[in-house]
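Note that the chains are named A, B and C in the order they appear, and that numbering of residues resets to 1 at the start of each chain.
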Amino acid sequence: MNNMLTIAKKEFQDIFRSRTFSIILVLLLVLTATSILVSTLVFKSQVSQYESSLALLLSMGKTPTEAAPQLYPLNLLRGVVDYIEIIGAIIGILLGYLSIAKEKNTRTMKLLLSKPITKKDIVFGKITGNFLFVSLTIVFVAAMILASFLAIGGISLTAVDYYKILAVVILSIAYIMVFFTLSFFLSIQQKSLSNALMICFTIWLVFVLVLPQIGDTMDPDNQVPGGFFKSMGFDKPQEKAVMAKFSGYENTRDFIEQLSVTKHYERAGFAIFGVKTKYNDMPFPDILADQWFNIVSVFGLLAAGIFADAFIMYRNREAWSV
Amino acid sequence: MQTDLLSENMSEKEEMKDITKEASSKEETSSSFVLDIHDLSKMYGVFSAVNNLTLQVKKGEIFGFLGHNGAGKTTTINMLTTLLEPSSGSGTVAGYDIVEEALEVRRKIGYLPENVRFYDSMTAYENLDYFARLSGISKPDSRIWDVLDFLDARTYAHKKISTLSKGMRQRIGIAQAIIHEPEILFLDEPTSGLDPFGVKQLRDVILRLNSEKGITIFMNTHLLQEVTKTCSTIGVLNHGNLIYLDSLSNTMKRFRDEKSLEDIYLNIENSKEE
Amino acid sequence: MLSLDIAKNEVRHLFRERTFFLILSVFILITLASTYIGWSSQHTVESVYQQSVLTLTAAGKNIPPSPFSNLPPLDIVKNMIIYVVLIGSLLAITIGHAIGTKDQKAGVVRILFSKPLTKKDYLMGKLISMSMVLFAITGVSLIISVISVAILSQISSALLLNLIEFYAISYVYMLGFGFLGLSFGLMKKESATALLIPIIIWVLITFALPEMGSALYPTSSLNPVLPQTNILDSPMLSAIHNVLYPFSISEHYKVLSSLTLGLQQTTTTAYVAYPPLISLSILVIWLLATLGVSVRSVSGFDISRGDIYE
């Protein structure tokens, strides 16, 4: 246990010493902040638009038909989920890679193994160290979100909102760690480190960017700006009735999206933050119950990743001398 | 006894200064020097890696450049091979200025870095073909085979570099350095990492390059044995300063009481540091 | 002359790298898939419209004209725009990175420069190989698109010309990223850093600028049919837009590509795009700027350096 903590501590310190890493981190923070800012501005502009059209209607003596836009502050966090999807995955990949690369490059793994410590200590020490770091990063992002809400002003969060943020924080840590375990695995398993990094980025490309995007592209409603069904003047039930006739197509589309851990993370994150409007007024436990499959998928993949890392560490005998 | 040694050291030191001066001011025509540098220095910030190095190497010599790790030997070779620009001083290699005429210098030199490496996924032949073309040989095939024959390495031509032994790689390294028939060959710690058999083979190759092809050789090493068995002249570098320079035979005469070159070397270094 | 030898060696090397083939095959597969996906969703959407018409007729309501009735013939390749932005540019970064770091990884930099080789020749060789490899890949992609469009839709000489124009624009866009990958490969001593910095720039160009300047959510910028945003209504947003839009290279590429493929009616957002000629000039400036970065990187390149860390 002590050995494991020693290794975890060193991992943690090493990350802080890496300059590249700090650049990526700053990037995530800056993008998150900008994203909130832009969302807020968009929202404020919608409100003022509504108000001016309301004033116009009232001056003409008519009654407004459209409800005032309602601010669910967590909606503003859609961009944050987006960025964690993309950059969080890169952070996970880099951490896993660096954790192994530093040992391979300096050939210190043999040195480590010559000490009275087990491979178990090494794997779990490294995972723990990085887990702590990722957690700290995401908690910091969350703190920054709360700070920017304060700075923007006029936004009040309910107790449930805090729970929701906490839930997404935990989910985000798990999501990033899925990519950590992946690149940790490949960095050990592949003989060449740069091959490992390239394969990781290819996987990232396919699972983070391409697969979710294929699903979106195939969505019939996405074919017209503003939504096809809206242009036809359909409401949700009507839309559902029509789409029911295309269940084969819709299932294929859904299946492609489900292949990607990113989509699971995104669906759960969007649901909790109420980006999909139907979740806005749903009680929090119901949202979690509704999203159980996506949440379990993320954590299941993480468990599989940790298992694979331990497995490859035990099985691997020679790769360290590269 | 103690004082005797000390006074002996002192007088030797003075003597050595004269010799260094003498060696560098010999009345030679400049054309007989393949390498001729004056006050060459390299600074890294405030750290001086090489300090006012003045040195001449005659055509046909095998020059052994001695010094322990970090003495500035590789920095010197890097400057002589035009890979690194000196902070001050001047010099010519094969008659060309090492700063102003770097490309001309490169046409005339061969260079084997320490722990030479190649494109691992390519064969020895492919590597040599590439480096020969970069040396300006447009149809290198016959040259490659000649050089491989000279080095007794023909059978390895079509093997991937990654499958070759360290000794074999070193020979391919020499092959790339001599394929364009250079006037002077720079070898940076050529025997490092080789087994005794590999060391002997490489030594033979160096001697044959010198005697059969007439190539001048400038060799960095920290192994004294190497120097006694191959070199005609030695220089000793310590903390970037040249502290000794003479022919091997003179050196042996001067330090005839010392049991081995090792002792001579330590003697020179100690006397300089005191 | 020497630069051609360098270029030849680069190309030969690339084709021996497994990872190069991995990413290349992803790109080729996606080119193949994109036309099919475009075609399949177009068909489904047409059927969805027919079905909606039945529903509307049954309800006795007005039937709006099909928004898909006069889709341009090249509509089915519209996804390629996104795949160039996503995969193509990353592929280019990878190739550039491989070319830029190869000699350092092999540990031959000192040998190379002990030969009569100038830094200029060296850079030229690398730039030529980068441009040639990407040219070949873009060419293959073009051929695949032409064939699949001919099979699934229709082809004419005018459409062929449009496709060629589209791929030419894509080539310029991707080549810029390739030059960046190459430059940082030469500049940085750690391979991971050298790969990471161009990827960060790519993230900024692909996601961050469109979001900051045009209020597009990062994942929305992946959709070829851009959602409507009304950023001009907010003075602050429209001010940010005015400052950032000239630098938002991916948006210029997207707008220009959709114009070339005849898709402009589906891709325009609420903001006013620049005239095509200006967008095109911005793309050319982008290429020149990255070229400038590569020249800078080679002038600072330490030829006495040994191996680099992976």
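Quick notes on this one:
Definition applied: a residue touches a chain if its C-beta (ideal position, glycine included) is under 8 Å from a C-beta of that chain, and two chains touch if they have at least 3 such contacts.
Everything numeric here is computed off the predicted structure, so don't read it as measured data.
Touching chain B and chain C together: no chain.
Looking at contacts between chains, the pair that accounts for the most C-beta pairs is A-C. Comparing per-chain C-alpha centres with the mean over every protein C-alpha atom, the closest match is chain C. Spacing of chain B relative to chain C, judged by their CA centroids, is 50 angstrom.
Our note on geometry: chain A versus chain C, Cα centroid distance of 24 Å, whole angstroms.
Distance between chain centres (mean CA atoms), chain A to chain B: 57 Å. The touching residues of chain C, when paired with chain A in their complex, are 18-19, 22-23, 26, 30, 33, 37-38, 40-42, 44-45, 47-49, 51-52, 55-56, 61, 64, 67-68, 79, 82-83, 86-87, 90, 94, 101, 105, 190-193, 195-197, 199-200, 203-204, 207-208, 211-212, 215, 217-219, 222-231, 233-234, 236-237, 240, 266, 269, 309-310. Those residues of chain C that touch chain B in the complex are listed here as 2, 5-6, 9, 12-13, 16, 102, 106-108, 110-118, 303-304, 306-307. Of all residues in chain A, those touching chain C in their complex are 19-20, 23-24, 27, 31, 34-35, 38, 41-42, 44-46, 48-49, 78-79, 82-83, 85-87, 90, 94, 97-98, 101, 104-105, 192-195, 197-199, 201-202, 205-206, 209-210, 212-214, 216-218, 220, 222-226, 228-229, 231-234, 238, 241-243, 245-246, 249, 266. Of all the residues in chain B, the ones that touch chain C in their complex are 78, 81-84, 103-104, 106-107, 109-111, 113, 115-122, 130-131, 133-136, 176-177, 186.
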